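Letters are used for the chains, namely A, B and C, taken in the order the chains are written, and counting of residues starts over at 1 for each.
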């Protein structure tokens, strides 16, 4: 306790708190889920049946018995395996509670179960498939080209540095700093929730790889200028300046004004 | 106890014409009673020497930091990255230069202040103030000089000179304003209203996607899809004009929705099978907008949060924008690529004075 | 005093001073001013922060001009920052990237420049609050207030023009908004926008033009005005807070040489050093992650720097009004928040000292600062204005706040809209009440001394609460309150039947005067204070036998208590005498 009391006026603690508060939300949104790219682009018959079972238990109450959609959930016919994998493996689905939008949480299904559910939904109608490891291989992509495409297609919602941003009525575009290449790809092809679809016809796989390369570069890049303040620009900079820097100045001014003992 | 020196405030001053004389003195305690307490450094020579050493140590340490700073400038590779707790992975050169130089400068300041606080006399001294108003003599002198000048120049007498001089001085600034006219070297025959009203879009102009610059077929765009797009030939125009003006006006977004969900459009049949083209430039103050929520068909401006409903003629449903997002009528050409069928029917971007005259 | 310039350096200095003096008569100035007295208070340092951060801005800015290229010619980036390699961008942006990555120490200087610019405006704001709330703008300092208001506006201009220079995606969007604002001005707006941008937006002229304004025009005027500002402070001598020995006609503090110079000079290095530390340790405006500007791209969370945030907030909170009158379009939704509101705010700021002086009829010179509680209406107005500004400011970041705290910005914006109308008046009333409460408490203290909280039973059974007399310092501070009467109501037709031609204006003045002054809690008379303090001392003395270990006067420094403390035997006057 004493340790904290003694240090709570430390400007670095103010920074830390600031960054922690602002970062916490974003990080929660995109908690890590390191699931291997599922192999099941085309599922076996047993997988489809297993998937159907899981679907009926976990999803049908909202999306209806034949996935045709109902009051509480949209139709899943034709959304494809990519959408199922994205939504379920990041824990967004099944929905914990109704809200502005589905939040990322600990996934409740394991890799095989997700694969089975994806196979089941994919069997209903053709839709975007789960990307192959070739689709996801961005090693040959041009990062700078990806940056240009990112600013054209993604930055308007996810912010130029991929830190996420607000949408209408409490919805938001999530922070991308923990997003895996597979999640990025699946989100683009399936258009989860508010996000528009970026099909492979208007945004070819090569460009998707470039975008992935750019997001990964953002995730991994250091901050040449020092503490990043969340890379969201003037709001945190202004807060930091008013709280930490002015705190230090006024501390110094008071010190000058106090008579020495 | 404290002696109380009478305070002659201005309480009794009459109102009406205002309070004009300054109170002679406010507050209590004459100068002689300003308290003073000796510091440890005043009474204990050891403490004074300690303070001297402290100050000198700060100045010396400052020198050390300056040296470190110069060494860092030479030694540290400018692309080197270093991990520092709390800060994370940061540029080594920047952090070390900033830290060493900053410490060097702070230490000079801290040393000087410590010196002043501990070793220089901390006895408050008193100086008298004088009213700002000039002495009567100076006042009279100024008036006398003014009168002499007026008289000698004959400024009051020579009415014609006076008036013509005033006139000349009044007109003098006009060229300074006039000469600013060519801040915009207006190309012959052009005027702002016309420029703001026309864009690159013409009948049959192909729509290409921004970034890839490829023409788009309707079947490329799925329901729920979004493409930031430009007119074909934009790069050539940019090359020729050496600016981004055409891009700033012609940028559009293409979205596709279930045709049944389109409640209204700005012109009949301006969509193509549920594909709608809207300007990307906000009608509020001109930020580019592409925050399209495919579920609700809302388009949100990230600058001031104006929200437009693209399923309903691009109408404003929230925020400070007053005008619908302008819609671009589209179709397909014989090769099956999306094209514009005409230019925007209304000026894109923020409103302007002559907008509705256009 | 004998001069002992015996050190070789001093001899050189002496010769130099004489050389200069023979040509400029400078020693007369030095002789008069090296001993000039400056009062000491931490809040007097706030203006210094502004001055010092401006010096840092000038120094770092000069360095930046050596590398920055204000050109909008498109080039292909080929520097060391890989995620932008091969990307088309303006030379302005490319050279800003080069400053950040290729020039050693360049990023540090760029970040110091940006941080100190943010600090400059903030320090001006805080300094202005201090001046406002202590009434330091009153006669004879109205001109300096006006200069300060001008400096504030120029600081915003300097900041915004600089923010735009890197030509990154964030700042370019800001320029796009400026274009929209210019276009909203009735009659001349469209042409104004075309002239400013040299044609259509974005054109290729705006960056070089902003550069000229940013490095020459605006800083030149700021420097000139700062000089005037400081000369006026010098001539008029700094104000001081009430305290022992401090009157309206003297100034109590430390002489320029050496104490004030060491403290103020030392503070310069502190400010400079902290800016350097922050510039090295904390990122500001990472332009490389925003990318180059093109007019058809945007980033979520687009914000201006903090000092323009309130204008952006005003634009966000404004309802979407627009009207077409006789075929001409007037965009109230842009014009009101970005032109009218700042116009009113700055005009109000500039006129306030004159308005208050007129309303209260106060024509006296004020060198002693007023405690905020003693001017409840002024303090209330100030707090209300800050609340108004603060809500607009929060509005400027409503999307970031909404995203960070999981709110809907629609709800947030509506809350702020309501707050913008409702909260300033509430803030005014609450502040005024608090001030009046404090005034009442002060009056109590003057009349009865401190309530010690200790209850004493007297020998005859009576219970009393022990009151203690105020110490010398509090007495000086609290008793410095001034009272002004409300200006009398004018008479429409006087006894002689003459009509008052200025009746309406006099009536307005009377009402304003009453608004400012009617609730004032009057300061007791000197005799009442004396009696009150004596009574309190008596009550404390009654208790004394029970608390022999405790000192009667809690403050050992007071001239009543010095005898208890060996080692602090002298008053200030004695010290001064001794020194002379």
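Note that in this section a residue touches a chain if its C-beta (ideal position, glycine included) is under 8 Å from a C-beta of that chain, and two chains touch if they have at least 3 such contacts.
The shown structure was predicted, so the numbers you read here are calculated from the model rather than taken from an experiment.
Ranking A-C and A-B by contacting C-beta pairs places A-C first.
Comparing mean CA positions across the assembly, the chain most remote from chain C is A. Centre-to-centre spacing of chain B and chain C amounts to 19 Å, using the average Cα coordinate of each chain. Inter-chain spacing, taken between the CA centroids of chain A and chain C, is 42 Å.
Note on chain placement: the centre of chain A and the centre of chain B lie 32 Å apart, centres being C-alpha means. Multi-chain contact residues of chain A, defined as those touching 2 or more other chains: 15, 148, 152, 156-157, 165, 168, 173, 223-228, 256. Among the residues of chain C, those in touch with two or more other chains are 40, 101, 107, 111, 263, 266-267, 270-271, 274, 278, 280-281, 296-302, 399, 409-410.
Residue positions of chain B with contacts to 2 or more other chains are 37, 87, 91, 94-95, 98, 113, 117, 122, 210, 228, 288-291, 302, 305, 318. Contact residues on chain B toward chain A in their complex (touch as defined above): 37, 39-41, 81, 86-91, 94-95, 98, 113, 117-118, 122, 209-212, 216-217, 219-228, 255, 288-296, 298, 300, 302, 305, 307, 318. Note for the complex: chain C touches chain A at residues 40-43, 45-46, 49, 82-87, 100-101, 107, 111, 115, 118-119, 122-123, 126, 169-170, 263, 266-267, 270-271, 274, 278, 280-286, 288-291, 296-306, 309, 397, 399-411. For chain A in complex with chain B, the touching residues are 12, 15-16, 148-149, 152-153, 156-157, 165, 167-168, 171, 173, 191, 193-199, 201-204, 207, 222-228, 255-256, 259-261. Across the interface of their complex, chain C is touched by residues 15, 21-22, 25, 100, 142-148, 151-152, 155-161, 163-166, 168-170, 172-173, 214, 217-218, 221, 223-229, 231-235, 237-238, 240-242, 244-246, 248-250, 252-254, 256-257 of chain A. Those residues of chain B that touch chain C in the shared complex are 1-2, 4, 6-7, 9-11, 13, 15-38, 43, 73, 78-79, 87, 91, 93-99, 101-113, 115-117, 120-129, 131-132, 180-181, 183-185, 192-193, 195-196, 210, 228, 230, 242-245, 247-249, 251, 280-281, 284-291, 302-306, 316, 318-323, 349-357.
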